[in-house]
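Scrolling down, you'll hit the structures one after another.
After this come two complexes, each holding subunit A, first together with subunit B and then together with subunit C.
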Partner chain A sequence: MNIQTPIKNTPAELALIDAFGERLALLPGDGEVMLKRDAAIEAIKAGLPTRRIESWHYTDLRRLLTKVPAFDAGLEAKPVAPLIEGSPVLTVLNGVAGKPVAIEGVTATPVAEKLGDGTYAPALGAQGADDAIGALNSAFVADGWLLEIADGTVLEKPVEVQNVQAGGQVHTRFAAKIGNGVTATIVERQTGSGDALVSSVDNVVIGDGSEVTWLIVQEQPDTATHFGQFNAWIGKDAKFTLFVMNAGGKLVRQEIRVVTKGEGSDFQLRGVDLLHGDTHTDVTMVLDHAVPNTGSREIIRNVVTGKARGVFQGRINVHQVAQKTDAKMACNTLLLSDDGEFSTKPELEIFADDVACGHGATVTEIDHAHLFYLMARGIDEKTARGLLVKAFVAEVIEELEDEALVEALEARLDGWFAEHG
Partner chain B sequence: MLEIKNLHARIADEGTEIIRGLNLTVAKGEVAAIMGPNGSGKSTLSYILAGREDYEVTEGDILFNGESILEMDPAERAASGIFLAFQYPMEIPGVATMEFLKVAMNAQRKARGEEPLKVPELLKKVKDAAGTLQMDMGMLKRPLNVGFSGGEKKRAEILQMKLLEPKLCVMDETDSGLDIDALKIVSDGVNALRSPDRAIVVITHYQRLLEHIVPDSVHVLYKGQIIKSGDKSLALDLEANGYAGVIGEAA
Partner chain C sequence: MPAVQETIDQVRQIDVDQYKYGFETEIAVDKAPKGLSEDIIRFISAKKNEPDWMLEWRLDAYRRWLTMEEPTWARVEYPKIDFQDIFYYAAPKNQSGPKSLDEVDPELLRTYEKLGIPLKEQEILAGVKKAAPAESVDDEDADAANDNVYKSGRVAVDAVFDSVSVVTTFKKELAKAGVIFCSISEAIREHPELVKKYLGSVVPVSDNFYATLNSAVFTDGSFVFVPKGVRCPMELSTYFRINEKGTGQFERTLIIAEEGAYVSYLEGCTAPQRDENQLHAAVVELIALDDAEIKYSTVQNWYPGDAEGKGGVYNFVTKRGDCRGDRSTISWTQVETGSAITWKYPSCILRGDDSQGNFYSIAVSNGYQQIDSGTKMLHLGKNTKSRIISKGIAAGFSQNTYRGQVSAHRKATNARNFTNCDSLLIGDNCGAHTVPYMEAKNSTAQFEHEATTSKISEDQKFYVMQRGIPEEEAIALIVNGFVKDVIQELPMEFAVEAQKLIGISLEGSVG
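Moving on to the complex of A and B:
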């Protein structure tokens, strides 16, 4: 018999399939959008990825996703104070975009509109069979923001987008078409108060010669499941910095997919994962150096407490044409508990012959010599440990150079340490 | 002020005994030099005084102002007034020097029941102290000791010592890695701290430092014991004749 037996769906998969049936009539878009949604739910029906799928090896989603809450339109989410005071804020509150805000040089359109008129259809769909987050989000996405930033725009304050959940399910998109010669910082907040299932997908196109920093600050409650996917294409001579901080969530997977599209482009990834309790956090990056003369640096710093489990997978593909690629990746973990764990999988796939690529990974405990030195100056053990742990991650944050951002992020860091350190 | 009585100590991990029945008394206001060949236990003694966990005291006692410090952790010892100037100060990336000084000074003030220093007061104190050591304030914006030269690290140690105003200063090979100009600056910094209320223990391999910091007493440490004590002339004698004679006498 050559007929494939359909798999027996898990309760979570069944809940998603049922939710799709119930939700369908309320989702914006028809025609091409609806075809994309149908195709996406078929991918879920075929089964969520297991550890047998290479890219999900450390996060067996089929086993780990046990809770799929129902949509609840009655729940109300409130915006949070922006990371930088005075930033213009575009909100998505429990899945629905708030009011637009006027920002010079930026056109902001709710994604629901773009789904409704069908223009967003090409952006939907999974990127390959293992793209469960893309599939889940494409099936259910209801709203979000599309930012179009005009050529030459210089944003004085960061623009902040917020995805705030109050429970149930939330599926959001933030997209940005950033023109040429733009200088901009975008802050993305992922937070909320409920036991939600959240998916949030970003598609960001960066124009030639632009300098863009994008920060994802994820601070979901311990009860939430959070799936993020960040896709970016970097133009010629553009410099793009992505900063990702994970400081919450029960089950978290943040994917990062970046392509250097233009020669002379540069990608910087800085990641901070603060893991506590009985949680699972996975950051998975795939970076394609697709043209000659591009550079990248990835530095991930993890602090693991309690029974937390963390994963970093970093894959750098250097295409055959991508000569003179200069790529370096480092993942450093501070393991503060015997019950915590962190898995790192760096991969370099290099098809060009004139490149400089490297990677390194370390797992350490607090350095006792450092601790002794601080204590020998009268600093009590708890404070000294706190200083050293903070220093370990602050090094990465301080590279951001923008003092206001550094201060704001360090304040988030202090908050986390006060609660979990 | 400091009384070390029949002290025996070993490396906690593997049990090698390093200090083997050491006796030493240093009075208030005294500057005591401890000299000895390599491997005699000089640095170990300084670490034990500061409370480093890697060493285990198996016998004897260390009294500071009449009270045993053996049960105190390094932070408590520091708060009670003991300061160790490290031979190799730690580089600690990510901890800004200024922030470190603030936390350390205020931790000790808190332990003594004093109000924390406000930022302007703190800055002034640090600036004044740094000035006397010819240190650039720009250095203090960098992470603690990171990228400092050997001499800069030693100056930073003396700066901390000045700011924390300890009762007992233990200086472990402070002269190592210093050129003659830096040695002068560091020695002046130490001499400025000499006071009737404060004892200073200078651990050194060479007599050179003692030309600048003139000791009241000199003690020779060999195989974990003080084998000879004398005044500053003992240091000159060691310089001229080496340790062999003294070791021979003791044996």
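Moving on to the complex of A and C:
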């Protein structure tokens, strides 16, 4: 972005700037929080990122973000059934946190409270000039949940956080401070109806020796704009698995920024992107191996149908001190329609020499030999294709060890295939 | 564990200080005043006796260049270049145009001798065939030798010194086959219809900052035209050398292979050791019509700067091939060992149906060198194929980046790409980076990309050593194997030289 020449703001940028003016008085927090909000809106005024900004190369936000809905407090959103029956559920309905639920070992506080007393100020602000999601969210964030999980807690059931909208603008945060030696699974649902514009930022700190699985299930309607950002810092010997499923949204960008902070830590990313209709979905990951002896595996599977455009950008930075890093990334895409598009940019940035890093990426259609194999056994083409596509995606889901989760996610998968497959 | 001490020591030997081409030739030169303006462009154009349309073309490029900004996206860092502090034209005096080598300044010939350039063409592949000396080739006596030309391993050379093509050998012999091989200035005068038709048709005038600058001020380069159905009887080669202090070298190469033609072209580069940075901004355009094949090989050994990263050549090059015809093939092979900064992406536009693009690269960086290189394969036609093999070796304090793009257009049904880029790191002060872009807009496209970064694996080393091979030889063997895929793609005549060069740079020093 060129700071010297003021730019002519697009209608979407102007709508955001105006909304900030109108909304300001209602936003929680003052003092430091307010300063952070002001700084963030300045970044929006300087212009949303274009394809000339490298990290937004395939998602020209200035061009793609055309409609910005107004805030609408009158809308009513209803919670959805939890992914796993009986899970404790913490809701944010149309941008407002619901009632806290008692969960042993977990303290849940609405983010509005933390913004109000100013304690949340340090977490606000954009991380760098290209962090449009961080800026947008910092300017407008009004609520969400902060989970504090005590040392040694073992959660029997996943904790589910739900962000449900019926339209308008919603800007939320889900933060988690996870102590040492914790075993936990968190399910994050992003869903709703209408033409909402959602920004949702997660900040997750994982303590030493913990084993944590976090699932983001994004099933926005095809009219919604969804900007997600997931930040995580992994402690010593901790094992963190992030599972991201995108199965909706008109314009979606999900950023994942992970830092292995403690030696011996391990990061696993499993991604499933089911793209349909005339939509645009961008998953961008930046992983920093910042200390020696850490490992990571990322597997992303994409299915593109209709006129959908998909993007996966994955960058692995191996710092100079991060010797013995073992990082592997794979991005596989099935392009099923002639009008679909998929672009991928897997990057390696390596400054340490004793490492084993690699990435692989493929884009292809269904293997005709596989199809023939099934059809030769009397299975009709449509069913055979369905089986192969499902197998392609299910492979990633099945890696989650929890059977109940696998079943629940496969049900979401079947739902998508029934509608769009 | 860092790389073994031997490897480090041996890599240190290739240290940029040991650049063996760092001599300077004292010869009289004819220079344009420093700086860049429309007058300088008129001066260059007049010096070259160019027709008016060429001058207009240059001026148009210059005006567009003035509106452009230097690109900053590459992973290279350097102080801002003062484009007014460069000589845009420097030519060895004695500009009457030498008819034969006898007329060439002997000082210049000695330079080429030092470089090992086979201007006299006799000693290439010693023992295979004693070729006729160049002088006689340019005589009518050449007829007798002509029959053998097709079988021999001879190489025709166009030598470019600072801004000017000094001599082109084997011209007559090539002309008999219908092949035009001359300097681009000569082509502008002698074959304006071809130049007009093809110049700027692959790399448009305002393609990028440096290509536009080149379009305005290019001084010389090679021109190759291989007519329909002709298989060019010998390897063509150009040697570039920047000699004069403070000069930029802006050469322009244009190669056209008509229907069913074949040509293999080699390019080598050196520059003397200097404290200040020299600028090299070339443009290379290749055009392959139906069933034609062009092989373009580069051994780039510009001065990389000294051990502290002082001096060295800035190599900002635009190279692009257009597979315009059906079933055409363009292959780029490059061995990049020199230059302080390399910014270079030899690309293929796969326009014709069933056309094929290949990119084979070895990029070795040491000292404070920065390399940001790769390729673009743009699949536009049906059933197009591309293959990318890139091997990067980073040592010292260098940064070595592979940046590549593969895209399939909506109509490029059955586009097929395979990309493999491997990086080897020696020492922990260097960096290796991989930035591939894959863009598929067609469901029948099949793209595969794989990249790895590692040091020499202990397992591999153990395996080789266990068979009684000493450690340093084991490492040499592994490094050799690491780059073998690419070395194999070089024409035989050049593979010898490239191996010698990598010998200086890495491989030989490890052994």
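Just so it is clear, the second predicted complex is superposed on the first by the 417 of 421 C-alpha atoms of A that agree within 3 Å, B and C clash if a C-alpha of one lies under 4 Å from a C-alpha of the other, contacts with A are read in each partner's own complex, and residues count from 1 in each chain.
Note that a residue touches a chain if its C-beta (ideal position, glycine included) is under 8 Å from a C-beta of that chain, and two chains touch if they have at least 3 such contacts.
Because the structure is predicted, anything quoted here is derived from the model rather than measured.
Of the two partner chains placed around the shared chain by superposition, neither subunit B nor subunit C is touched by A:66. Of the two partner chains placed around the shared chain by superposition, subunit B is the only one that A:369 touches, whereas subunit C remains out of contact. Greater residue coverage of subunit A by touch, when subunit B is weighed against subunit C, goes to C. After overlaying the two complexes on the shared chain, residue contacts for A:394 are found with subunit B alone; subunit C is out of touch. By the document's definition of touching, of the two partners only subunit B reaches A:379; subunit C does not. In the superposed model, A:107 makes contact with neither subunit B nor subunit C. Across the two superposed structures, the residue set of subunit A contacted by subunit B and also by subunit C is empty.
Those residues of subunit A that touch subunit C in the complex are listed here as 54, 57-58, 320, 323, 333, 335-365. Touching subunit A in their complex are the following residues of subunit C: 1-3, 73, 410, 423, 425-455.
Touching subunit A in their complex are the following residues of subunit B: 50-54, 73-75, 77-79, 83-84, 86, 89-90, 92-95, 100, 103-104, 107-108, 111, 143, 160, 164. In the complex of the two chains, the subunit A residues touching subunit B come out as 368-370, 372-381, 383-384, 387-388, 390-395, 398.
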